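So that you can tell them apart, the chains are marked A, B and C in the order they are listed, and the count of residues begins at 1 in each.
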């Protein structure tokens, strides 16, 4: 976490129009710098200038789809790490097809999705309800399986989160149920995973860094709930941004609940 | 209200880009599940998977206009209820024409608008100031007249709200003036009317269900004002989401101010 | 300020999709009426109906670019004041070229940007990090130089703000560092400068009115920080809207820190 604040990484987000503001504020809160553009004429230049690229398919248009392809290629050429958040893959046949196309074309360093999305991405049974989704598999089994199939780091978020690179798999039990009652908390997490990954030391594993991101994000939710539980989810949203802004490694020391499985 | 929470209806929103986040959070708060896409290749599939479709014309583009036509047709074919929020109809000649075209092509179960918008939609004198609008008619007269002309349920919102299906007309005196100082509170209400309508029992009238939605929404505004009046409209917005999240039929029993006229 | 509340000016915003909601709420808070559309078929009519036009290039698409050209021409023809917020000019070569094209085609009454953006706009050395930017020049020097080159009123915002029309230059030392930790506070300021300018008396100078806007905006940030400092930047954002809603000339009397240089 402290490394993100020190590096102040520029994260180029091509994301859905429901969460642009919340994502940008969340990135600012953890010390990253957001930039958002899908313009075909500048997206390649931006993706190579930026420290990280986030591709989130929540409200994919044909124009944005093409922007992701251009930006993804540019990021790959310049070794800019790419995080894919395959929002609502599995909810329509179009989206399943297009998200897989993006994944096939762009080398991705990490994926963040709920159980249903990750299951749909690897062609398994998924239960999608719009952008919400579940899988019958245990998150750690699903994360490991998906990491092996997709050959990248996979973060499965839900009641309990799991992160795997196919070899090592971690379970994270931080977080709070109210996260699922604020729109964009999953999407913001994808952006923050990107901020963590691009700020890590060379000798650190992506799987471990992504796990740290999820655990500290969950801690911020716990902190926010403690301040807002007598009010409600509007107040929770505000204090969640407060908590992200106050996150640091000292504060989270000893409070994260992570186990390797 | 409690029925919305039990059903957790999926509301497909094609709405304006100023209020996407607020609308999604408000739908989550009342127990509905929002999904937002205007992509022509998936919009028909989404509209038929969803429990309800909301068409809001606040920032209509040609692409979004076509998406509304495709989604509206698909919803009609699959008996998915459609709510139309004709934002700023009457503010420009283009918008007046296009919104009427949408209304002519898509069978609509309910319409939500301010006095100026509803008046403009039926070709009467309207006083528009951007997205804000007034009519010289009493809201109950306007709602009844518009319901008869448009042959659907019409919700006119303003200082006092009115809902009519042409036969029965209700006046709702819940709410608070600060609602008009937070952007998107009208748009969110359109989405919540959709969530209520698709969660009603078969033997209930749409006009009565829409009236309940407006009364309980107004109550949430009263609750939010009580918590925020010493602070201001930023705090009001946050506590309004809190209050929507806490709404239930027990809480609102005896507090709604509805009369049939 | 009180004039804005009396006039309730309609500000037509063509702005980036990260800040639409925050901009609209901020305009409502100071007593202006926001309207947002980039639809080519109505944008000219809207720009001439409105009291002011804001062009913000934060997430420029080709479609939006063309909308700005149409709206800008219509505004110029009808003497509707135009404010340009050249977000992230200098961050990519495309954006630098296009923003200059907009500036060349549309007569602009005022420009609002950070030091890096204003420097890039006049072809000087700029240090851009996504949408954040700095210049090595003192803000008052940069504002005056840019006002002379661009022949308009220039507002340079940063730790200390400066406003100049080339002849008179003002330094404003109100504000708080947390403004830079909430996304869209610069963009909203551009919109509020527009609201102030279109509400001024004929005998007032634009440079003086824009200076007032910046000083009172900064005061609101100071007020918001006083209420939120023990919580964090999420709470600050909420109280900043509260503070904008409570701004009035009596309240700010004697508290603004402005000097002519």
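Assume a residue touches a chain if its C-beta (ideal position, glycine included) is under 8 Å from a C-beta of that chain, and two chains touch if they have at least 3 such contacts.
These numbers were taken from a predicted model, which means no experiment stands behind them.
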item	value
Angle, in degrees to the nearest 5, of the Cα rotation that carries chain A onto chain B	120
Same-residue or different-residue interface between chain B and chain C, half as cut-off	different
Rounded Å distance between chain B and chain C, as computed from the means of their C-alpha atoms	32
Two or more partner chains touched - positions in chain C	17, 21, 237-238
Chain B-touching residues of chain C, taken from the complex the two chains share	8, 10, 12, 17, 20-21, 24-25, 28-29, 33-42, 45-46, 49-50, 63, 227, 237-246
Chain B to chain C touching residues, read off their complex	16-19, 21-22, 58-62, 88, 91-95, 129-132, 181-184, 231-235, 237-238
